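Before any comments, here is the structure.
Chain IDs A, B, C and D follow the sequence of writing; residue 1 opens each chain.
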Amino acid sequence: MSEPQFKHFPQLRQKLFVVVFGTETRAGKLFDIILLWAIVLSVLSVMLESVKEFRETYDTIFFVSEWLFTILFTVEYLLRIFITAQPKKYIFSFFGIVDLLATLPTYLTLFMVGGSYLVVIRSLRLLRIFRILKLGRYLREASVLSNALAASRYKIFVFLGAVFTLAMIMGTLMYMIEGGESGFTSIPRSIYWAIVTITTVGYGDIAPQTVLGQAFASMLMLMGYAIIAVPTGIVTSEIAQAEKNQRKTESSGKECVACGKKGHDHDAIFCKNCSAKL
Amino acid sequence: MSEPQFKHFPQLRQKLFVVVFGTETRAGKLFDIILLWAIVLSVLSVMLESVKEFRETYDTIFFVSEWLFTILFTVEYLLRIFITAQPKKYIFSFFGIVDLLATLPTYLTLFMVGGSYLVVIRSLRLLRIFRILKLGRYLREASVLSNALAASRYKIFVFLGAVFTLAMIMGTLMYMIEGGESGFTSIPRSIYWAIVTITTVGYGDIAPQTVLGQAFASMLMLMGYAIIAVPTGIVTSEIAQAEKNQRKTESSGKECVACGKKGHDHDAIFCKNCSAKL
Amino acid sequence: MSEPQFKHFPQLRQKLFVVVFGTETRAGKLFDIILLWAIVLSVLSVMLESVKEFRETYDTIFFVSEWLFTILFTVEYLLRIFITAQPKKYIFSFFGIVDLLATLPTYLTLFMVGGSYLVVIRSLRLLRIFRILKLGRYLREASVLSNALAASRYKIFVFLGAVFTLAMIMGTLMYMIEGGESGFTSIPRSIYWAIVTITTVGYGDIAPQTVLGQAFASMLMLMGYAIIAVPTGIVTSEIAQAEKNQRKTESSGKECVACGKKGHDHDAIFCKNCSAKL
Amino acid sequence: MSEPQFKHFPQLRQKLFVVVFGTETRAGKLFDIILLWAIVLSVLSVMLESVKEFRETYDTIFFVSEWLFTILFTVEYLLRIFITAQPKKYIFSFFGIVDLLATLPTYLTLFMVGGSYLVVIRSLRLLRIFRILKLGRYLREASVLSNALAASRYKIFVFLGAVFTLAMIMGTLMYMIEGGESGFTSIPRSIYWAIVTITTVGYGDIAPQTVLGQAFASMLMLMGYAIIAVPTGIVTSEIAQAEKNQRKTESSGKECVACGKKGHDHDAIFCKNCSAKL
C-alpha cells in the first residue's frame, strides 16, 4: 500500500497510517494481532453471554467486557477515519461499514432492548485475519476459488432457479397428497419440506406418512441425489479451468524473447503474438 | 423471431404479435414484465391462501384476486391463439399447454372442490422469465447444462436402476431383520427407508434399533456415500466436455489459412504451428 | 451368441435355445418380455403381501400367484438346464444361481416359516432387463462406469478404511463424552452414530446433548463434509480417464496409413509407432 | 529397510529386528499377522465390553483378555525399544507413541475409572496393516490421495474458515428469530444447528418452527447445497492433477534425444514432433 499525502498533522497521521493500515512493519503486525484477539474475545463473550448459565453467573463480567470492547472498537474506528486521506472512501467501503456496525449495537442497547445480538456482526471483522496471513499462498488460493465461483455464477443462478421451481411444484403436490396430519399444514411449509429433502438435509420434523406420499418423496430424493451432481460439476469444471489459466500465466519459461508475451502452449514452436521462433 | 404472415386482420395481429411474443421492442418488454409480476403474484396468493391464518382473515381478497388473475390469463391465452399464424402449433407446444393449465383450475372449482391447488401449475410459467433475460449469457449457460445432462442421460438411467435395485434388496433385508417394532412395517416402507438412507436424506422417522440392523444400515450408508460420487463424476465429466466443445466451436473460426491447424487461443495472432498470420 | 451343438434332441433343443437364450428373433424377444413381466409381477406381489392390509384382504390371491410364479420359474430353470450344451457352466454362473434362488424360497415355506421373504432375490433377475435393451448404448455406458469403478477400487478401499477408522475413534470419544443419557449406550452404537454423521445421513435417533459433545460432533460433520469430496474426486477423475481412453480408441480419423495404428494426438505430425507422416 | 548395527547382543537383536520390524521374511510376516489379530481382538473386546448385556454376562472373560492383551503389547513395546539401534527415535515416532498409549490405559484403570476406553487408540495401530500389504498398489494410491489433499490444504483451510463464519452469522440470526422454544436456546447451540444444516446432516433435534425461521433455514440449506460443490471441486481438480503428474513422472524417461520433446505416450516408439526414434 502506497502511503498517502495528508494536509493536517501530516507526520503523525503518516506514522499512524503505517501502524493501523499497514502490515509490513513490526508495529503494524502487533496492532493487527491485538485487534484480532480483541475481535475473537468480543465475539466469544457475546456467544457465551447467550448461554443461560453463564449469563446468570458472570453478569457483571459480560457487561464490563462488552463496554470495554465497544470503546476500543470506537476508538479504532475514529482513528481510521482520522488518518485516512480519503475518509469517505473508507467509511463507505465494505470494512468501513463493518467497523461501524461492530460498535453501534452496544450504544443502541442504551435506548432499546434486544439490540445486543447485532454485536455478532463483529464476526465479519474476522475477515481481517487474511490480512495478517501475508504468506501469499492464502490470497492466491482464495482468488482461484472466488474466480471459479464468479465464473460459474450464471450457471448456479440457473441451477438454483430450477431447484426452487422443482421444490415449489413438489411441495404443492405433497400438500395435496399428505394434508395436515403429517405436518404438511400449508404450501409454504410443504415447500420448506421439499427443500429440506432435495438438499438431503432431512430433519424429519415433517415426513410423509401415506404410501403415495412416500413414493413421491422417494422420487424427489433420487432427483435431489442426481441434482447435487450439477453444482459440483459446474464448480469442479470452473476450478480446473481457473487453475489451468493461473498455471499458464505463471509458466514464465515459455516467454517470447522477441515480444515478451508469456503463456504459450508447451508444444508451441512459434510465438502466437509476433511469429518469432520460441 | 421472424414475424409471420397473417390472413385475417394482418396489421392488428402483426402489431400484437410483436408485443405479446416479441421481447425486443419497448412494448414487448413491458408486456413481459407485467405478465411476469401477474404470475408471481398469483402463485404467491395461492401459497398464502393455503396458510390457515391467512385463509380465515383475508378470505375475500384471495377469492377476488384469484378470479382477476384467471380472467387475465384467459384473455392472454386467447390473445396468443388469435395472433399466432399457426394456432395448433402453439396450443400443443410446452408453453401452450402450461398456459391452458394455468387458467383451467379456477374454472374447475366452480364444479368440484379441491381443484384450486392445481393453480400452482402456474409456477411453471415462471420459466418465461428466461425470455426477458435476453443477455444471452443465461441461455448459453442453460444450453451447456442441458447438453451435459442430455449426454449423460443413459449413464444416469443405468445408475438410478442400480440404486433402485440396491434399495429394493437392502429394504427387504432390513424388513426381515428389524420387523415392525422399529417402523419397518412392510417391504414398500422398508424400501422407502433404504432410499432415504442411500440418498443421505435420513429423516429418522424410521431407524434401525437392533445391533444387526444398525450394522446393515451402516454398510448401506457407506455404500450410499461412495455411490453419490458416481452421478457427480458423470455430470462433471460431461460438463467439462460440453464446455470444451463449446469453446472449440466458438474459436473454430480461427483456422490457419496456411497450414490449416485449428484450435488456436483467442489472443493468437500468428499460427503456432507454421507462423503464418491468422 | 453362437448356437451350440447338442447330442440329444438336437433340433428341439436348438430351437428352444434360440427362443430362451437368444434375443434377436421375434420369439426370443417375446419370451424375454413375458419373463420380465412375470418377474416384475412376482416381486410386486411379494412386496404388497408384506403390507398388513393387503395380506389380510387378498390372502388367497397372494397364495395362488406365489405358487403360479414359482412353478413358472421352476419350469424355466429346468428348461434352461435341459437346452444348454454345458449345464454345469450355466448352473454355477451368476444367473444360474439367481434363477435357482428365485424358486427355492417358496418350496422352503412348505417346511419352515419365514423363508418366503427370500423370494425377493427374484428382484436380482431384473438385471436380465439389460439383455433386451440391445441398443448397444446402455451396455457401452455401463462398461465405462464399471471400468471407472474397477480402476478406482484400490483408492476406494483405502478411503473406506480411513473413514471406518475415523468413525471408530470418534464413536468411542463420543461414548466417553456423552454417556448413555443421549443414546450413546455402547461403543458399537456410538460408532453407528459416527457413521450416520460422517455420511451426512443424520437420522437424529441418537444426537449429542452436551456442549462438548456438540462441539465434537460439529468437527466430525465438517470432516465428513470435506471427506465426501474424496470419493467424488476419485471417481470423477477415473470416469474422465475412462471416457478419454474410449474416445481415443474410437477416434479412427487419425489412423496411420503406413502401420494402421490409431489413437494419435490431434497435434501429432508423425506416427508415433512407425514414424510415417500422418 | 537396512538392518542397523548394534553394540550389545548384536546377533540376537539383529535377528529379532528382522522379525519385529521387517515384513519380507516369513517370520516377519507371521509376527505382523499375529500382532494384527491381537490388535483386532483387543479392540473388539473393548467394544463389546461397553455393551451392557455382554459386560454383565462375560465379566471375567473381558477382565482376563484385557490383561492378556495389555501384557502382550507391553512385551512387544519393550522388545521394540530393546532391538532398535536408536530407541529415542522410535519412542517419539508416531507408532512409538501409539504403541505406548495402547498399553498405558489398562495400567491407569488400577488407579482411576473410565481410562479403559482409551484402549481404543489401539485401533490406530491397525494402520500397520499397510505395511503387510506390500503389493505396492495400495501405497501408491494412498500417496496419490495424500498428495492431492496436501496440495489442497490451503484452499480447504480458506473454505472451512468461510463455512464456519457463515455458520456463526446464520446461527446467531436464527437464535434471534426462533428463540428458545424450538431448541435454539443459546448462540453456540444455534451455531451447532447451523453446522448440522450446512453439512446436510440434519438430525432434526433442533428445527425451526416459525415461518421466518424456516425461510432462513431454506436459504442456508440451498447455500450448503451449493457450497458442498467447492471442496469436491478442489479435491477433484487436485486428484486429477496428482494423477497426471504421476503418470508424467512415470513416463518422464521418454524424452526425444533429437528434439528434446517430452510427454510422449508410453506406447510411442518415434517422436511425434520430429520423427526421431525414441
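Keep in mind that, in the parts below, contacts are C-beta pairs under 8 Å (C-beta built on N, C-alpha and C of every residue); 3 or more make two chains touch, one makes a residue touch a chain.
Predicted model, so just to flag it, every value in this text is computed and none were measured.
A.B. asks: Looking at the contacts, which chains touch chain A and chain B alike?
C.D. replies: The shared contacts of chain A and chain B, listed by label, come to C, D.
A.B. asks: What is the chain whose Cα centre is as far as it gets from that of chain A?
C.D. replies: C
A.B. asks: Chain A to chain C: how many Å between their CA centres?
C.D. replies: 42
A.B. asks: Which whole number of Å gives the spacing of the CA centres of chain C and chain D?
C.D. replies: 29
A.B. asks: Would you please write down the residue numbers of chain D that are in contact with two or more other chains?
C.D. replies: 159, 188, 191, 200-204, 228, 232-234, 236-237, 240, 273
A.B. asks: Can you list the chain B residues touching chain C in their complex?
C.D. replies: Those in contact with chain C are residues 154-155, 157-159, 161, 165, 168-169, 172, 175-176, 185-188, 191, 197, 200-204, 207, 211, 214-215, 217-218, 221-222, 224-226, 228-230, 232-234, 236-237, 240-241, 261, 263, 273.
A.B. asks: Where on chain C does chain A make contact in their complex?
C.D. replies: 200-204, 232, 236, 267
A.B. asks: Would you mind writing out the residues of chain B in touch with chain A in their complex?
C.D. replies: 43, 46-48, 50-52, 114, 117, 120-121, 123-124, 126-127, 129, 137-138, 141-142, 144-145, 148-149, 156, 159-160, 163-164, 188-189, 191-192, 195-196, 198-205, 228, 231-240, 243, 264-265, 267-277
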